[in-house]
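Before I ask anything, let me first share the structure, which is written out below as structure tokens.
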Amino acid sequence: MLRDITLGQYYPANSVLHKLDPRTKLAGTMVFIISVFLFHTLPGYAVATLFLAAMIAVSKVPVKFMFKGLKAIVMILMITVVFNMILTPGEVLWKLGFLKVTREGVQLAVRMAIRLTYLVIGSSIMTLTTTPNQLTDGLEKALRPLNKIHVPVHEISMMMSIALRFIPILLEETDKIMKAQIARGADFENGNLIQKAKNMVPLLVPLFISAFRRANDLAMAMEARCYHGGEDRTQMKPLKYAAWDRAAYGILAAYLAVAIAFRVAGI
Amino acid sequence: MSIELKNVTYTYSPGTSYEIHALKDINLMIPDGQFIGVIGHTGSGKSTLIQHLNALIQPTSGTILYNGEDIWAEKYNRKALRSEVGLVFQYPEHQLFESDVLSDVCFGPMNQGLTREEAEVEARKALQQVGFKEKNYGKSPFELSGGQKKRVAIAGVLAMNPKILILDEPTAGLDPKGRDDILDQIAELHKLRGITIILVSHSMEDIAKYVERLIVMNQGEAVFDDTPKAVFAHYQELEFMGLAAPQITYIMHALKEHGLPVDEEATTVEEARGSILSALKEMHSPLFHEEVTGGQENA
Amino acid sequence: MGIIKAFKLGFDYLKYDEDGNVQDTQRAVDDVNLDIEAGEFVAILGHNGSGKSTLAKHLNALLLPSEGTLWIDGTATDEEPELWKLRQKAGMVFQNPDNQIIGTVVEEDVGFGPENMGVPTEKIWKRVDESLQKVGMTAYRHHSPNKLSGGQKQRVAIAGIMAMRPKCIVLDEPTAMLDPNGRREVLKAVRELNQQENVTVILITHYMEEVIHADKVYVMDEGKIVMQGTPKEIFSQVDTLKKYRLDVPQVTLLAHELRKSGVDIPEGILTTEELVSALCR
């Protein structure tokens, strides 16, 4: 059950998107998110949908994976939609007691739903086609100027990539610990909030101890492999823009231009 | 106190490209009081199988009966079942969490509704039966050695007074002495409490020495279910599944091939010694003079 | 002097009280002398808590001696200010396969060591290709380590060490968490590295079957080296090994029992073939 979470999970394939520089993909994701907020009409959303569909097709990642990430935000999505529908004032379409659904509310709700969904799918495309390492490399390079004001960019990106590597391992471990305690009669489902919190102790203590142990082991393994900070470190996969990236930036610029044009023209 | 599996099938992520048939049409009868071994390489379905026995996993299809009752029937009390069918997982680190050993072992019994005092009675009994010394009851479980942790983990389940005790690779990571000690202790428990023991192991040598019945899992199927001797006779098929018979089996077959009339069914060092000695005697081998040593009776 | 040499090596674990004063010391390694020649396959045996892992961490300068000296390729570990340079010479593989893989893709993990050493990019790729080849994991280079079996993960870890081109590789119970197939896989890889690449191997383990091919075996107990010799010499002392909480392969034990019962065969039989030819002369 816990293993179903795909957010931040890489899907290995051999596509143009996989080959792009992570910085290009970061920029692309940003452009796409901006565009989703610029578009506000049906033709606009059609363009965004087309763009998204094209990206999914190019990525060679099965569509199913894209939508898996949505599972995590289904609740947020529902709440947003419902609240927008009943809380927006305007022309009343349907009424039950003090609850009113308005035309403007429905429009806003649909727009929010589309934005949220596209946001998640858009960022899923990036995380599914970019290894966490490339992603942190990209961020490291993009954020390098911050080094000047003593932000430890290398350390932060190293921590992020290690965290990403251990998330699936710790999730699996959580599963195992839960089973081991359920076998001893532990109950993680029933009871009031305080009881529930108390019942988590047999899960959290072994999990934390294991996490510390892993951290300790990993630190030692990194030292054994000559890790001594970011100084004099070379890279196996240094970030270099290739022809693909130039083309991608071109496409992105064109797409952004369309989004702005639509907004300005009011389409 | 029997468990019966009827046509049990379990599929991970059904309907996706990750679909794995972890169990395929398993039929098993586990009666009272047996000492059963389960063997199979990683991914053979043996872990999935044992988690079905105490309702941690629900089968995709098929039924599991405990004392004739369907454990997945709507009103069935699966929490109560888990006290009857105790499962000890491979890593004690996954279950130890209290600040001292005694409290940790009390966790199970207290979940059954016992008071702390009543639970302590059960905990002390269980700790004593796994050979854990009383002077260490107050220690933190985290400062114990691997073998001691394992004992506390077993006691933690045993204190719930299960009728069936399932142990998933109880010897993993232990050194040879630690391994023998734990297995001897488990065999002792079997005698002492008369409960059913199901031992999951990678080691054919351990299995051969202790169990009376051996289930071999391969690709989600129970391919053999017989006495260890009968199963090891299929040693070539076992190899084909990435398993192997105990080293003794190979030695005995090799000796027989080279003309020594030994019993190929011997699986333990003790049996092999007896069989080789009598074979040498029968052959009037110059290597062995019975009168000098007092013969094969000296153990 | 050999590739690794220890002279009167001692190490104490210190236990501190709440004020940070030393409360208690526990001797984990005691008066150890070692001299390991380049190209050798050396096994260090010992039960859990015998001090073998503590000793292993000295061989890679992860721990520095409390007493005595340890030399890696002629340099004393307590005299080298930049320890990572020594660690590159004596690479180390640990027990838990999950806790030593840093990369999220196999090839990126193998490249981690060379990256830290400052090897230029093209050369990193060459080293990664070679190392994956040596452990037979080239087909998995684009995989996520999480999807591999235990044996495969350990082979990736070994490749990660090989990519640093060490003179010596120390394996601290690399098979303790693996199933029999994984164990075979890892040992095969290690033996091939020793034979084909001439890498010095120091294997720390408590599985007896794994050391029968070693050139030299050391047995540890209570921080001291209590036995040393060839596998044959060590395994002929079945009762002494038992005293140190160890055992011998079943075939050796059977031969030992037969001998005790008066059968005229030599001590220290290590393989089925040896036993068969001893009995069926």
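Order of writing sets the chain letters: A, B and C. Residues in each chain are counted from 1.
Convention: contacts are C-beta pairs under 8 Å (C-beta built on N, C-alpha and C of every residue); 3 or more make two chains touch, one makes a residue touch a chain.
Predicted model only: the values in this text are computed from it and were never measured.
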Assign the assembly's chain-to-chain touch graph to one of these shapes: line, ring, star, complete, other. complete
Chain pair with more C-beta contacts, B-C versus A-B: B-C
Centroid spacing, where centroids are CA-atom means, of subunit A and subunit C in whole angstrom: 41
What whole-number Å value describes the gap between the mean CA coordinates of subunit A and subunit B? 44
Roughly how many whole angstrom separate the Cα centroids of subunit B and subunit C? 30
Subunit A residues touching 2+ other chains are 213
What does subunit C use to touch subunit B in their complex? 47-49, 149-150, 176-177, 179-182, 206, 208, 242, 245-247, 249-251, 253-254, 257-258, 261-265, 272-273, 275-276, 279-281
In the complex, the residues of subunit A that touch subunit B are 62, 64, 173, 176-177, 179-187, 201-202, 205-206, 209-210, 213
Which residues of subunit C touch subunit A in their complex? 57, 60, 62, 82, 84-85, 87-88, 91-92, 94, 96, 98-105, 107-108, 111-121, 124-125, 128, 142-146, 160-161, 164
Which residues of subunit B touch subunit A once you look at their complex with the stated criterion? 16-17, 51, 54, 56, 79, 82-83, 86-89, 91, 93-97, 107-108, 111-112, 142, 156-157, 160
Show which residues of subunit A lie in contact with subunit C when the two form their complex. 10, 12, 131-133, 161-162, 164-165, 168-169, 213-214, 217-218, 220-228, 232-238
